[in-house]
Amino acid sequence: MNKIRVGVLGATGAVGQRFAQLVADHPYFDLQVLAASVRSAGKSYREATNWILTDPMPESLADMTVQPMSTDLNCPYLFSALPTEQAKEWESKLAGAGYGIFSNAGAHRMDEDVPLLIPEVNPDHLQLLEVQRAKRGWSEGFIVTNPNCTSIPVTMALAPLHAKYGVESAITTSMQAASGAGYPGVPSLDLLDNLLPFVAESEEVKMGSEPNKMLGSLTNGKVEQAGITISAHCNRVPVTDGHTVTVSAKFRQKISLDEILETWQTWRPLPQQLDLPWAPQPPLVVRSEQNRPQPRLDRDEGRGMAAVIGRLRPCEVLDVRFVCLAHNTIRGAAGGSVLNAELMYSQGMLGNGSRE
Amino acid sequence: MNKIRVGVLGATGAVGQRFAQLVADHPYFDLQVLAASVRSAGKSYREATNWILTDPMPESLADMTVQPMSTDLNCPYLFSALPTEQAKEWESKLAGAGYGIFSNAGAHRMDEDVPLLIPEVNPDHLQLLEVQRAKRGWSEGFIVTNPNCTSIPVTMALAPLHAKYGVESAITTSMQAASGAGYPGVPSLDLLDNLLPFVAESEEVKMGSEPNKMLGSLTNGKVEQAGITISAHCNRVPVTDGHTVTVSAKFRQKISLDEILETWQTWRPLPQQLDLPWAPQPPLVVRSEQNRPQPRLDRDEGRGMAAVIGRLRPCEVLDVRFVCLAHNTIRGAAGGSVLNAELMYSQGMLGNGSRE
Amino acid sequence: MNKIRVGVLGATGAVGQRFAQLVADHPYFDLQVLAASVRSAGKSYREATNWILTDPMPESLADMTVQPMSTDLNCPYLFSALPTEQAKEWESKLAGAGYGIFSNAGAHRMDEDVPLLIPEVNPDHLQLLEVQRAKRGWSEGFIVTNPNCTSIPVTMALAPLHAKYGVESAITTSMQAASGAGYPGVPSLDLLDNLLPFVAESEEVKMGSEPNKMLGSLTNGKVEQAGITISAHCNRVPVTDGHTVTVSAKFRQKISLDEILETWQTWRPLPQQLDLPWAPQPPLVVRSEQNRPQPRLDRDEGRGMAAVIGRLRPCEVLDVRFVCLAHNTIRGAAGGSVLNAELMYSQGMLGNGSRE
Amino acid sequence: MNKIRVGVLGATGAVGQRFAQLVADHPYFDLQVLAASVRSAGKSYREATNWILTDPMPESLADMTVQPMSTDLNCPYLFSALPTEQAKEWESKLAGAGYGIFSNAGAHRMDEDVPLLIPEVNPDHLQLLEVQRAKRGWSEGFIVTNPNCTSIPVTMALAPLHAKYGVESAITTSMQAASGAGYPGVPSLDLLDNLLPFVAESEEVKMGSEPNKMLGSLTNGKVEQAGITISAHCNRVPVTDGHTVTVSAKFRQKISLDEILETWQTWRPLPQQLDLPWAPQPPLVVRSEQNRPQPRLDRDEGRGMAAVIGRLRPCEVLDVRFVCLAHNTIRGAAGGSVLNAELMYSQGMLGNGSRE
């Protein structure tokens, strides 16, 4: 089985490093291109990068030369860790030039014809790519996005429940890790003996809109929003990695705590059935201890790809309360897009791009 | 004006130290008694105490001899920093022996005939003391309690709104400081690069019940619960002092954000009118910055006695969302009881106990 | 007694805020000028400043208009919180224009004719100002500097010992607080579950040179270096405020631990004799507990102006070992220069500048 | 190749968990026994253990039944994670009963006839076992110990230099992680916005004595101490794992920085030559960046078994300065003893005990 050549856009930043790490030794993909800003271009990846991950930089990448952003990159598929503004500039341009883009950027997530994808949740939304190509006049290229790092654990926890019982509304409070802001990101004086009750203008808006798109149903080439009213409080706390979210949720149908637990524990969606390389087995890990999940102990569950859930109990105001957690730079960023690419690969949707 | 002699029960612990600090040089009170367990009794306060507050131990207290717990203490009023089990054993016994007890313990807070008091919120609940004395057959002694440290900022923020518009329900998520668990309290491995989605069995229950008692109305010697449905998520985060709480609330009447702001900013309840020594002026500090309140920057507002509020905005699920914060070991513990005592003093309710 | 008008240069930054706070309500000084970059100029101090101190901004300053840097400021004395580059540009220019400058910047500290001053240690070095004026042709203006924040506790601890016994060499390891790097300063990802074994290129150099200048003797208008060999290891640790330094030191004369303790405890230098407003009483606080000093518990000793020392014991390699600590943004920055100004004021060296 | 049956003493504690994790799936060893206090005995390992490691408990161990401490355990070799007092009671008793003990406890480290072993540093000290057996009258059993977690990085860094040039003296300052104190260990209030300039009475003593034993030479069945004068400052800092130590060292012979670097980088001692399973390749990782090593980024080097060194530069007082770091619960505890056992296994010193 031939590996498919891929590249990383924005390869020197925090999320770019994660992409490089996850794809460096991958059964489907062959990492050939590390692209970044002109400041880094021409240097070796080792020189150009202030490597901030705990595991050392993969040796196979250290001597690769960082390339400048261009529409002439030697691989048909690209993982994008570009900041929003650059994503706006480059992703469409590259897709128009025939590249398939798996993007972590927020730039196109809510575009009507762009799949906002969690392979466990809405794999069928990949059908939007036909609409996308038709509408944008792209022959081979495409853009597929992964959601915001805070949407991930909430959407994964709600997905199997929504399918069965219908979620009506949810109030969420996130306690988000510092790495969500990249590097240098949040000043240490803001997170030593302190927390911030604010993450970014758009963060709470995304928590309201992204789950509704992902949990929505695709009909006639259009995603019908799921209609869940979500109200989010987003906070930054002194944790390196792992976003923890408390959730109170109301359902359209009567549902017992036992049914919820069973639904979570028996959920075995497509990526797990296909046993995709980065699919966590199981996708949802339910902890029974009353003080779990905790970011330091649970974020690496499923190699950072699982959502971990705990403290399910009734909510006096809505119906139920629980806590969920996911690794924000693995499942919540680079890992999410890698799984998106694995899903498309497994469905035979990759491999014949004009850039091949 | 003669000062009234007071003492501190459990004087060597974390909350006991705060009591000692706040009353060491007080215009109404003269700190004469520091009582603690037999292990500490007989030692000087300096020797007996592992002083953990930032400001040094008041010199006037350092050489006082710690006394053992007994019903023979040389002062008519006592601030109780006893742990729950000891509070259960000692507080009634001492009140029966004629002492007035201002307690931070949870032991009697929800007793029907015991005032659970925030002087700004329900000063009239002091009338319960008549019921208490009648029921328990106490002639001079009494027990008055302050609420749980997490209830404080939420109840102070909701109180003036509830009075005008009626609060129907609230969902809260607390991010509580380590000092709330006392010393040694939470192990450092639990709060370095980590948070705990759990505080204690009873914590979320207290958040549901205590505000309802305090916001309830006193009729015929009985508190009628306020009838607010409250659902709480309590978390422990790596912060030394200051509990931050996100709140989504629903009102019985239509209410605008401007009305809420105005209600908060113009609230001037009894302790502020009386200008009691530890009454914060104003009691509620409303911050307009989008990233406030923050525990490190805002917990000392009003010398740790104010509640600080920010981020008022609509809630898509209930009516409004906001964030509130208070210093958990000052307003949320010792300071609360000191203000309770100041209120009673100012009302002429202290000073003629048999222990005088 | 007429107060003397003063101003703060770089008033909106972290150290500038400390200057403003310490001088806002001062018995000698009347804060009239808050100067900063053009970006802030014209705004109110409240608008222009991201206030990061725990105590709220003094009300008296909030509505003052921030002025641009210029040689036309309405006060004869200026506290400089300028960054090095700007200090190089502006401090000489302003001194030449007749202003007396009390600077926290590193720009002129090691200039031969500029006093590097700790009032407890080398008040006589103020005589350098005559040399300075003569050499630079300044009639009224001058520059007086305070040392680097890490030099402070070490120099204060060594000063009385050096005077009596002569210090020959010292090896120091600092554990420096995040606030030493200003705001935004150190990224949180560098200090969550982490420390940095490096502060800045020049930090360890300063630790070697500054104490030698301050402990040097002034003869014939020149400072003769103290000749102490100092080798410094500087580290950044996850602490908000307070630099802790371990010290191993060797003396020229035989000296016992008891003599050292007595020397420290009886040291009562000039600022304490004069009882200057910000002089800590005593200047050195010696703790006997084996686990002190600690930054959170001890940095506020003497309102942040004292050096706190502990763990004195023999050193097997040199002579003695101990730990010392000082508040880096109070004694180690703004407070240092305020005390310098108080010393000059008390000596009648201020008050008749041409800018008066 | 038959695996050898081993067990863990004190299996439920922090270090015991590491032993269990490292040996759960080992090419030489078959983990058959998990022993702990009577409180845990009889429960499954899952039930008995508050698992605090990031990686989940190995599935193969979760259902094993925890056994009580006894001299009747079904395996010939035991890894001891016992606290000092219990180690004193049990280790000799078990060795006398024929068990080979690999101990992390401090109880016997400095016994004349007990090897204090770092396989890279003093593998020949295993010859002490003959003396040990002769002296104690043990036929098959033995005790081999690993050093204190803070001694490890310093001893590994100094070992190849000492062999070539002779180390005369060293002054060290450690910044030690919270996990070094086990769980619950250090209270969070001691390490939030704080550090402790003290670890334990014996910690600085161990830093002086242990390296001298390990770097000493074995002659006539006796270890001759290395004669290095070491003065240690030990501190606890807010880091989960990884002890960082600054070192100033003086040599008996003249030595250049380049020689030191080359010595470190070319060091390939016995465990690396034998390619033992847990031997890090290379044992010393030298970083060239000026801000490394850092605990969060470097502690996992060599799967937590390497020592990481940086910032080599001249020391004005002694000869050179550098910073070194090792993972305190892997290389500095359980991993150290596992490598000791691997060394003995590879030398044919295991496998024929009477307990086999």
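In this document, chain identifiers A, B, C and D correspond to the written order of the chains, with residue numbering beginning at 1 in each.
To be clear about the criterion, contacts are C-beta pairs under 8 Å (C-beta built on N, C-alpha and C of every residue); 3 or more make two chains touch, one makes a residue touch a chain.
Values in this document were obtained by computation on a predicted structure and should not be read as measured data.
Colleague: Sort out for me whether A-C or B-C is joined by the greater number of C-beta contact pairs.
Modeller: A-C
Colleague: Rounded to the nearest whole Å, what is the centre-to-centre distance of chain B and chain C, using the mean of the C-alpha atoms as each centre?
Modeller: Each chain reduced to its C-alpha mean, chain B and chain C end up 40 Å apart.
Colleague: If you average the CA atoms of chain C and of chain D, how many Å lie between those two points?
Modeller: 43
Colleague: When the centre of a chain is set as the mean of its C-alpha atoms, what distance in Å lies between chain A and chain C?
Modeller: Distance between chain centres: 48 Å.
Colleague: Pull out every residue in chain B that's touching 2 or more other chains.
Modeller: Answer for chain B, listing residues that touch two or more other chains: 52, 190, 192-193, 238-240, 296-297.
Colleague: Graph of touching chains, which shape: line, ring, star, complete, other?
Modeller: The chain contacts form a complete graph, every chain touching every other.
Colleague: Name, in rising order, each residue of chain D that touches chain C in their complex.
Modeller: By the definition above, chain D touches chain C via 169-171, 173, 175, 190, 192-198, 208, 229-231, 233, 235, 237-240, 244, 246, 248, 250, 290-297, 310-311, 315-318, 321, 323.
Colleague: Residue numbers of chain A touching chain D in their complex, please.
Modeller: 52-56, 192-193, 240, 296-297, 300-301
Colleague: Can you check the complex and tell me which residues of chain A touch chain C?
Modeller: Where chain A meets chain C, its residues are 52, 178-179, 183-193, 238-240.
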